[in-house]
Amino acid sequence: MTSVSIIGGSGYGGGELLRLLLSHPNVEIKQVTSRSHLGEYVYQVHPNLRKRTQLKFSDPAALEPVDILFLAQPHGEAQHHIEEYSKLALKIIDLASDFRLRDAAFYEQWYGEKHAAPEWLNKFVYGLPELHRAEMATANYISGVGCNATASNLALLPLVKADLLDTSSPIFIEIKVGSSEGGAEGNSGSLHAERANVIRTFSAFGHRHTAEVIQELGVKDVSLTMTAVDLVRGVLATAHAKVKPGVANKDLWKAYRAVANENPFVRVVKEQRGIYRVPEPKILAGSNYADLGFELDESNGHIVAMCAIDNLMKGASGSAVQCMNLMMGWDEAAGLEFMGLHPI
Amino acid sequence: MTSVSIIGGSGYGGGELLRLLLSHPNVEIKQVTSRSHLGEYVYQVHPNLRKRTQLKFSDPAALEPVDILFLAQPHGEAQHHIEEYSKLALKIIDLASDFRLRDAAFYEQWYGEKHAAPEWLNKFVYGLPELHRAEMATANYISGVGCNATASNLALLPLVKADLLDTSSPIFIEIKVGSSEGGAEGNSGSLHAERANVIRTFSAFGHRHTAEVIQELGVKDVSLTMTAVDLVRGVLATAHAKVKPGVANKDLWKAYRAVANENPFVRVVKEQRGIYRVPEPKILAGSNYADLGFELDESNGHIVAMCAIDNLMKGASGSAVQCMNLMMGWDEAAGLEFMGLHPI
Amino acid sequence: MTSVSIIGGSGYGGGELLRLLLSHPNVEIKQVTSRSHLGEYVYQVHPNLRKRTQLKFSDPAALEPVDILFLAQPHGEAQHHIEEYSKLALKIIDLASDFRLRDAAFYEQWYGEKHAAPEWLNKFVYGLPELHRAEMATANYISGVGCNATASNLALLPLVKADLLDTSSPIFIEIKVGSSEGGAEGNSGSLHAERANVIRTFSAFGHRHTAEVIQELGVKDVSLTMTAVDLVRGVLATAHAKVKPGVANKDLWKAYRAVANENPFVRVVKEQRGIYRVPEPKILAGSNYADLGFELDESNGHIVAMCAIDNLMKGASGSAVQCMNLMMGWDEAAGLEFMGLHPI
Amino acid sequence: MTSVSIIGGSGYGGGELLRLLLSHPNVEIKQVTSRSHLGEYVYQVHPNLRKRTQLKFSDPAALEPVDILFLAQPHGEAQHHIEEYSKLALKIIDLASDFRLRDAAFYEQWYGEKHAAPEWLNKFVYGLPELHRAEMATANYISGVGCNATASNLALLPLVKADLLDTSSPIFIEIKVGSSEGGAEGNSGSLHAERANVIRTFSAFGHRHTAEVIQELGVKDVSLTMTAVDLVRGVLATAHAKVKPGVANKDLWKAYRAVANENPFVRVVKEQRGIYRVPEPKILAGSNYADLGFELDESNGHIVAMCAIDNLMKGASGSAVQCMNLMMGWDEAAGLEFMGLHPI
């Protein structure tokens, strides 16, 4: 068994990682740290794990060497400790945003502060298997992905790979998100009485995850608009773009099917009947799938490209486990078999 | 007291109209029809009206003359009966979509069928007071408004009135809607277990309400994208457009404030602090306000213009009552005083 | 116009009071205090009030004399300041729990601490009009009501008034509540991601509101069990009790109708058809109604008595305004006309 | 591989069964029938199964022999066809209510009609492993369980097994349920706009599942009260009873722990800290666990016993798979490993 530890296990991303690793056939969890819940059973914070583990949260200062170290801390922590972490484990997977961008100046532009360990930026592979599967096979350091960036990148991936986008037109990506994106800490607006029933466009543009779309897809004129809706888990990205002149539905089908065929966790959802004709995050809770769909207005080339994911799975912990599998040469889907529920 | 009757009182729009008219200082409800609930007390269908009225649903075939007739039927009914209705009442307000478009060919283009009473199209004033207040003072026939069209039209109204839009760029309007838009009949996808927790982009473009935006604002390259979210009442339109070169935040503030000053039910919501910084439909349930907001990306002229309404109020029955007030020369806000709730 | 001020206006009870008083025909709001939001517009905290008032939160230390003073502070504050408050206003209505119980020892038993102003306890009338309407006409001091106590007291009121209860059997009251009961401050369990979708029996017995049921109804063997469900506003009390031998459905109908006839805000809901056959809080949001219902198992005398209210209205601010109306000799329903919404 | 078929695969119970059997290590699904969706891919109805199976719904008239036959039809169907079904498979597991009761007269009393195959009633074992594990090892026919009956039976099981209940006192079981209990067909009250935000006590007593509690636990004076709340999956039973004189918390702990130790899918939840101190269905979505808890009022012997389950899992399809495992001598937990999600 490969030994793994998690730094920062009491947040939502850490809890989801725990769930996945506890049922993973190849790994054994050695330590899970939490300062605020030190000494508590992990199931007291993540009640779904009751009767499945007797692990307790340990002190991050008492970490022992391990095969793989997962970092599930708030943004901005890992870059200050990466040197010490690298002495504890040969392989590191970070779920936070510290090592997602390759360029220090680009990082500073989007995060408004200098990176604390710029020399590490190029050691990390960006953690989206659909874009970096081959590199992961030989990587030791893999970054996390932004959940909104992932929904955006996968929505547009078939169009970019098949070179169907009219890149002279701006791309507007409208993203609707559930409350678990806000994390286990929350703020005054996260209170149920304020957050329930909302349709709240809390960020019109300028969201940090935009940087990951620019870097990974090479698109320039792209904006992400964030709207909170009443749901706990789930993201839907609805991207508005223009296709190149002459691009027709058959070209799109070909492009989407190609991506779905190459990637075990990508599905195309575009049905003519039934209730579930388009990608929807609700049926993805707990699953690692990214469901893609599209509609083309052939009269003007307007394409509406959609991607639905569970922000805590494909948008965070699920992708991290998928990355681990690829990094270790294991079955890409190991530990990620849960299909999602219907109804839910 | 002015006498009013409602044809089609068992649907959601009819119920809301009943609520408003029951507390209106100047009117008396004479008849409310429903075929499917004939003879039942209206409070058995609309339980909020219990202890407020002993009205029963009556037969549409037994309608008596009245001062004002409200039509709250499903789309496509009124155009077949408008001649007979016009003999029952001097003034008619239709909530459905039968008389919203002025041009029969344009109607056919969007509704896919010939209009049954094209000679009546020009007798109706489009029922949005913010666009047709003056005409309403002398009108006898006023149409309804599409709820999604209203959110879209009001989101863009300040930009159009102040001529700030770059009309050479396409306008993408992303609309998020609650389940009451689907009406009291519903379909398989309206079942709670399927409709709860959804983020479902059920129409990428081509929604019929688009026609009302084109007609009323004179914009040409506009699309409405519809996404169902988990909420009962409420619509948020988030419009993406480009402003003309040189347009700055101060121009926008001026344009938005002007519209809010001229219209008692328009408010500008753009705060720097607190939870409620942007327009949100949740606090508008039962109120007739349209809350407008905007964000301008000065680097590229991208404007995100928002409008939140209650689809059954400002998007349907509330606007209809406001139109009645204007048509009758009454206080524009009579019967529409409810402020909405917080929290909810 | 009668002048009123509110101490503690930024909480949910205070906000609802503001909404009601702003549309009340006989009063003028002089001051609204809040330490945490000092100087802010009240609409920045209660966004439904935008365009309806330009009031700002003022300093509680700068209160001026007024006709009626409303206290909407957290529990335990008012008892320490009641002497000074009584110098500011001849009439005081407290929404908190400080002056609900008449007996200092009983208070200590349920609140676990000595009361700071026991000599004031007997000056207050318990603020439920359905029980103390006559006394209110001459009162200067009226207490608040616990929302769960109110749902419980009104569920059982017809049975107690008509002496139909078998008091030798225990009464179990199962109460389901929305999240606004938790207040605007909240706790870790109030976070949307944790509070959404819950059915959480957070208090099996021993809830403080039980004391108000014992005091007001004179029942002894009664317990309240509290379960949080996914809703913002609303309480449903489902009381299980035994009726005296021989009590039949017709006796119950008579008892319930009598209470509904005597009280403008009480309705009986017991239908044989339609969707809304029993009391339900969802249609009561914003309304001051208490909807009562019952089912009797004639085989064993088991009665299930139900009461639905909006916890912020009939369970708090609505009752407070109703008390003010009675105390001032005004129309009991003034300012409380809103009917509630359907659907919602 | 053992071959299995499902009759009635398009409902919620059938869909959940499909999900579980598709990932079960020992079985292969041969046929899944549906009249209304004949010829459609199962993933068009159960969208979570996309990319996991290419099965299509087949005609129930074309069923082939198989090792195990699952019946997931509406109530009242199976009893008319059990003879023919028994010729298709040696082993049958029925999810409906047709074969849950052992006594034909008792069946008629609760279902209001004569049973069509009374001679089959005694061939079936009641499908709750926690009560009939040993018999299942040699059974060929296993019945389904009512979801509300299961929550009730498991809530009381430790008290009954340890003989701690005062059976001279009535037992009131308050059950709160999500919308998936209503099934995929629904009714007018199942429409999202009507069903959202509800707290609806739709059955005060007399629910058919009561019969299963009486039969299985041997209690006599028991009633189930059903309240619909806003949730898709989940049931919480909160049972009010009296314990025998002298029974203390330590006796209860012993009784509950014993049941949890004997049953892999039973957990005791009774924490002093954290958010999740009591059983809650929300974290059980998709899992087969039954979470039990209790609170004892030592002053009067009032016990509040709780059980939370996912109605489609432990309350239906999960228990059915657990029964299959026991009937076949397989690992009791095979195919039922999913832990549930947090947050959700």
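Note that the chains are named A, B, C and D in the order they appear, and that numbering of residues resets to 1 at the start of each chain.
The definition used in the following text is that contacts are C-beta pairs under 8 Å (C-beta built on N, C-alpha and C of every residue); 3 or more make two chains touch, one makes a residue touch a chain.
Remember, predicted model here, so these are calculated numbers, not experimental data.
Colleague: Just how many steps, at minimum, does a route from chain B to chain C need if it may pass only between touching chains?
Modeller: Each step joins two touching chains, and the minimum needed here is 1.
Colleague: Specify the chain most distant from chain D by Cα centroid.
Modeller: Of all chains, B has its centre farthest from that of chain D.
Colleague: Using mean CA coordinates as chain centres, what's the gap between chain A and chain D in Å?
Modeller: Inter-chain centre distance comes to 35 Å.
Colleague: What whole-number Å value describes the gap between the mean CA coordinates of chain A and chain C?
Modeller: Averaging C-alpha atoms per chain gives centres 45 Å apart.
Colleague: Please report how many Å separate the Cα centroid of chain A from that of chain B, as a whole number.
Modeller: Chain A and chain B have C-alpha centres separated by 38 Å.
Colleague: So which bits of chain D are touching at least two other chains?
Modeller: 12, 180, 184, 193, 196-197, 230, 232, 280, 343-344, in rising order.
Colleague: Which chain B residues qualify as touching chain A in the complex?
Modeller: Those residues of chain B that touch chain A are 170, 172, 174, 176, 188-189, 193-194, 196-202, 204-206, 221, 223, 225, 227, 229-231, 234, 236, 238, 240, 275, 277-282, 295, 297, 300, 302, 304, 306, 308, 343-344.
Colleague: In their complex, what parts of chain A are in touch with chain D?
Modeller: 12, 15-16, 19, 22-23, 40, 44-52, 180, 184, 232-233, 267, 269, 271, 273-276, 280, 283-287, 289, 291, 337-344
Colleague: Across the complex, what residues on chain A touch chain C?
Modeller: For chain A paired with chain C, touching residues are 12, 178-180, 182, 184, 186, 190-193, 195-197, 230, 232.
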